[in-house]
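Here the chain labels run A, B and C in written order, and each chain numbers its own residues starting at 1.
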Amino acid sequence: MSAWLRQRRWLVPYLFLLPGGLWLLIFFLVPMLTMASVSLQEGTLGTGFRMTFNVGVFPEVLARWDTQFLRSIQYGLIVTLLTILIGYPMAYTIAFRGGRYKSILLLLVIMPFFTSFIIRTISWKFILADQGFVLGTAKEIGLLPEAFRVLGTPTAVIAGITYNFLPFVVLPLYVALEKIDHRLIEAANDLYASRVQSFLRVTLPLSLPGLFAGSLLAFIPAVGDYINAELLSGTPDTVMIGNVVQALYLQNNDYPQASAISLILMAGLIVGVIAYTRVLRGQELTA
Amino acid sequence: MTDQRNDQTQIERAIARALAQGRISRRRFLRQAGKGGLITASALSLPAILAACGINPGGSGSPGASAGSSLVGGTPSGKLVFANWPLYIDTTNDDVEVAEEAGQRESATLDAFTAETGIEVDYVEAIQDNQEFFGTIQPALAQGSDTGWDMIAPTDWMVGNMIRLGYLEEFDVAVSVPNFVANAADKYKNPSYDPNNRHSVPWQSGVTGIAYNPALTGREITGFGDLLDPAFEGQIGMFSEVRDSLSLALLHNGIQPKDATEDDVRAANDLLKEQQPLVRGYYGNEYAQELADGNLAVTMAWSGDVFQLQFDNPDLQFVVPEAGGILWIDNMCIPKGAQHPADALAFMDYVYRPEVAAQITEYVNYICPVPEAQEIIRQHAAEAETDEDREYLEAVAESPLVFPTEEMLANLHSYKVLSEEEERLWNELFQEVTLG
Amino acid sequence: MDAAAALTRAAPRSPRRFHAGRWVLPVYTALVVAYLFLPIVVMIAFGFNDLRGRFNFTWQGFTLEHYATVFTSQPRMNAALLNSFIVAVVSTVAATTLGTLIGLALTRYEFRGRGPLNLLIFLPIATPEIVLGASLLAMFVSAGVERGLPTIIIAHIMFNISYVVVTVRARLAGFNRAYEEAAMDLGADEWTTFRKVTFPLIAPGILAAGLLAFALSIDDFVITQFTAGPDQTFPLWVYGASRIGVPPQVNVMGTLIFGVALLGVAGWILLQRRQASLLATPGVGP
């Protein structure tokens, strides 16, 4: 068997790619095309949808929901920053100081996510309640004004999204940090670099693939999230574009508009990420 | 569950027609799938999945559009598939004997029904939202094929919509559901959305009104105007459900929902837009937690929820707004093309027995359509074994939230039944408030 | 600079400062873990709540009764849990396999179509879940495929492949082929090299990817909501129940799941320690 394969060496990568690639083709690409088609249609659930090549839907949608688009991007950026700020030292500690506890610590990071995030979010609602044991106590001892609240504000939504995506940042960061050859750092130290310097000039750049992956894994789902906004805040000033899509899709059954928004969101994200990739030149995605 | 849907070909053709897009032919799809050749050790290779999902290349004959309104009825066949809202039926069975005889331990009511009639009930809490649920069954209904459900429980306005679209089976309530005729309160007979109950009978009913926490408001609350009070800024709750919110606003403006014109609706919506900066949030069922946590001082609310919340916090109050509240009714009805309509009718008849209605209401705590149930619950309370149970049952029997007074009922109105364009307008207007 | 001076400069500063600095990171990590677990603690606590009514929002008293009824009082929860588990296991195995293969191909081989492939892998990650879910639903409905557990699994494998590839590639990117070449120089054929050299070296990365895939799958809500049909997974069921009021059995179940995971971790620690001590014992081991 190996002889046959060795003769057709060029086949090997394609064989590796085939199953996964085909799966993505059928279950990702085709639905996307379906959705693109739907966005250009018009109609209602009752009377049916007809393809009218209604390209006007895109500027319409952008004009109507511009606030929500921008807000989602804004929240996404903040969440990404926060997850990296919180997650990097964490990943660093596990990778460099973990020793034989590395895997345990990693599992500790993931384990809270073995319970449903609905339960976790409801628990956060309880913890962050206006008069709950955190805020209520603070108010009683005068640390916070009586009218202060977290729930129903952008803070709650951002905090919720950050909490939900923290492990997805810690893991890739850990993976990248863990495989850094420590001798490189030792060499830097030998060459008179202080700890800070060797971190900034050796460790940090080498962990860039992890940073790249982690930031994407945080930013993109954060922008499209709607559950946190829904559960932790009911106010219109925290409505994200995901909430709009959900409302249009499930409440209004306005498939064309919802599909158009989805396409714009996707396109925007892709453009943004390609630009991001160019900036971090030489990293994985365009290798 | 998957064996219910033996008419996919009709459904898929309906979707294809409705969505007017280039259809992926089944053969091409299967061929692509066959090329899939997954290396994974998973047993779920694509062709197997598709086979398990039940795509029948042969396809069954087209049923054609239902001709006219033929009545359903007849002998039950032994199976019932019922879609309902969550927590709308008792879920434990303390009567072990009955449970074992029925072969399940899920619900005293369902088990007793099965034990008596031999009809197996597949009860699924599939409805979270009327519109959402409708979206899942509409394609089949449009084609006239089986949705997979024998009985569903949408809210009155959705029932009205479905009747207008011809999506519900018709039956003769006097013949098929005699217990309803005998035992239901008059208020529930011959409703505006379903004259003469030709397509539906109520399951449970409830009130959309206002709940408040006196400790936080510092005063009594009497009506929708209190929801507009700047003193409660940041502590006011409203519903994200467009009909509830707009209807209360309309009533506040002195207009009955069913008479509302487009101008009335715009005016009501403008009122809501003015209110928006004061509102803490536009909620679905989550308002209950906010109220319990003390985040809300005053909020739109549903009667059954508040009844439950009062166990934790007896101070919480529920009022029908003085300008008027909404009485909504969730109804049992049979979608067109249902496979076991007679079984559905048998169930409808069964739950209108006063003792069964009492049993359901004791758990669900929404408004019971059978007035006699109140006396039965009182009896249960008197016979209760523990103090806890007795208190609970007495509370259920005496609560106006479960057995409303005539006064209350007089001030309650129904939703307006909307046409498709009206629905679109209402949604668009209200979303300016909720989504910004 | 002379050797002595160089050594002095490279040496740590005062021992006391170094000592305090050592603790910053571990303490920080402990704090973050505590933050991650805070809602879990609340969840566990409310599994013991002695409810009067149906809403499990305020603390009323301690009881163990929910633990007694957890498996009997909510049969649909049990069904949903089983579904979640099946979906997670199957989709993790499949996606990790498919994704690792792709990762290997991308980092170690030259081939045409690299650009489009990267795009294809990247796009599912760049797409909000709601879009993925809705588009899949549209396709399933058009093709007449009935929604249920298989469609959920299909969807989960789909989105997991991308995450696996991204995670594995971060690990594979710096992989040193020298090890493989050395093995082959020593006479091993390709398959043996893979088995004994390559795979053990990349295993941690695959494990991390697999864990990620499992976590994503078992907790997924949005995509599952669109592709589930009548079947329910645990998150779907909890969401439905939470609209009215999370029954305490949910908290209990969540606690039990968590406890099982904890036991698994503990068991694994012990196993590792045993292995380590075995290897350290002279006379034992390879």
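Please note the rule applied: a residue touches a chain if its C-beta (ideal position, glycine included) is under 8 Å from a C-beta of that chain, and two chains touch if they have at least 3 such contacts.
This structure is a prediction, so every number in the text was calculated from the model and none was measured.
Undergrad: Keeping to the contact definition above, tell me which chains border both chain B and chain C.
TA: The common neighbours are A.
Undergrad: Would you say A-C or A-B is joined by more C-beta pairs in contact?
TA: A-C
Undergrad: Go ahead and note the Å separation of the Cα centroids belonging to chain A and chain B.
TA: Centre-to-centre distance between chain A and chain B: 35 Å.
Undergrad: Between chain A and chain C, what's the gap in Å when you average each chain's C-alpha atoms?
TA: The separation of the two C-alpha centroids amounts to 15 Å.
Undergrad: Mind pulling the chain A residues that touch 2 or more other chains?
TA: 19, 23, 30, 34, 38, 122, 126, 255
Undergrad: Which positions in chain B are in touch with at least two other chains?
TA: As it turns out, chain B has residues touching two or more other chains at 19, 21, 24, 38-40, 286, 289, 293.
Undergrad: Which chain C residues sit where two or more other chains touch them?
TA: If we look for residues of chain C contacting two or more partner chains, we find 57, 97-98, 101, 138-139, 142, 154, 242.
Undergrad: Can you tell me which positions in chain C touch chain A when the two form their complex?
TA: That would be residues 6, 9-10, 25-26, 28-29, 32-33, 35-40, 42-43, 46, 57, 97-99, 101-102, 104-111, 114-115, 117-118, 120-132, 134-136, 138-139, 142, 154-155, 157-158, 161-163, 165-167, 169-171, 173-174, 189-191, 204-205, 208, 211-212, 215, 218-219, 221-222, 234-235, 238-239, 242, 246, 250-251, 254, 257-258, 261-262, 265, 268-269, 272, 276 of chain C.
Undergrad: Mind listing the chain A positions that touch chain B in their complex?
TA: Touching chain B from chain A are residues 18-19, 22-23, 26, 30, 34, 37-38, 41, 44-51, 67-68, 122, 125-126, 129-132, 147, 149, 151-152, 231, 233-237, 239, 243-244, 247, 250-253, 255.
Undergrad: Can you check the complex and tell me which residues of chain B touch chain A?
TA: Chain B residues touching chain A: 17-22, 24, 32-33, 35-40, 129, 131-132, 135, 138, 142, 165, 234, 237, 240, 276, 279-283, 286, 289-290, 293-295, 420, 424, 427, 431, 433-436.
Undergrad: Applying the document's contact rule, which stretches of chain B touch chain C when the two form their complex?
TA: It comes out as residues 1-2, 5, 8-9, 11-12, 15-16, 19, 21, 23-24, 26, 29, 38-42, 44, 49-50, 52-55, 86-87, 91-92, 105-106, 124-126, 128, 139, 148, 284-286, 288-289, 292-293, 305, 308-313.
Undergrad: In the complex of these two chains, what residues of chain C are touching chain B?
TA: 51-55, 57-58, 60, 72-76, 90, 93-94, 97-98, 101, 138-139, 141-146, 148, 150-151, 153-154, 230-231, 240-245
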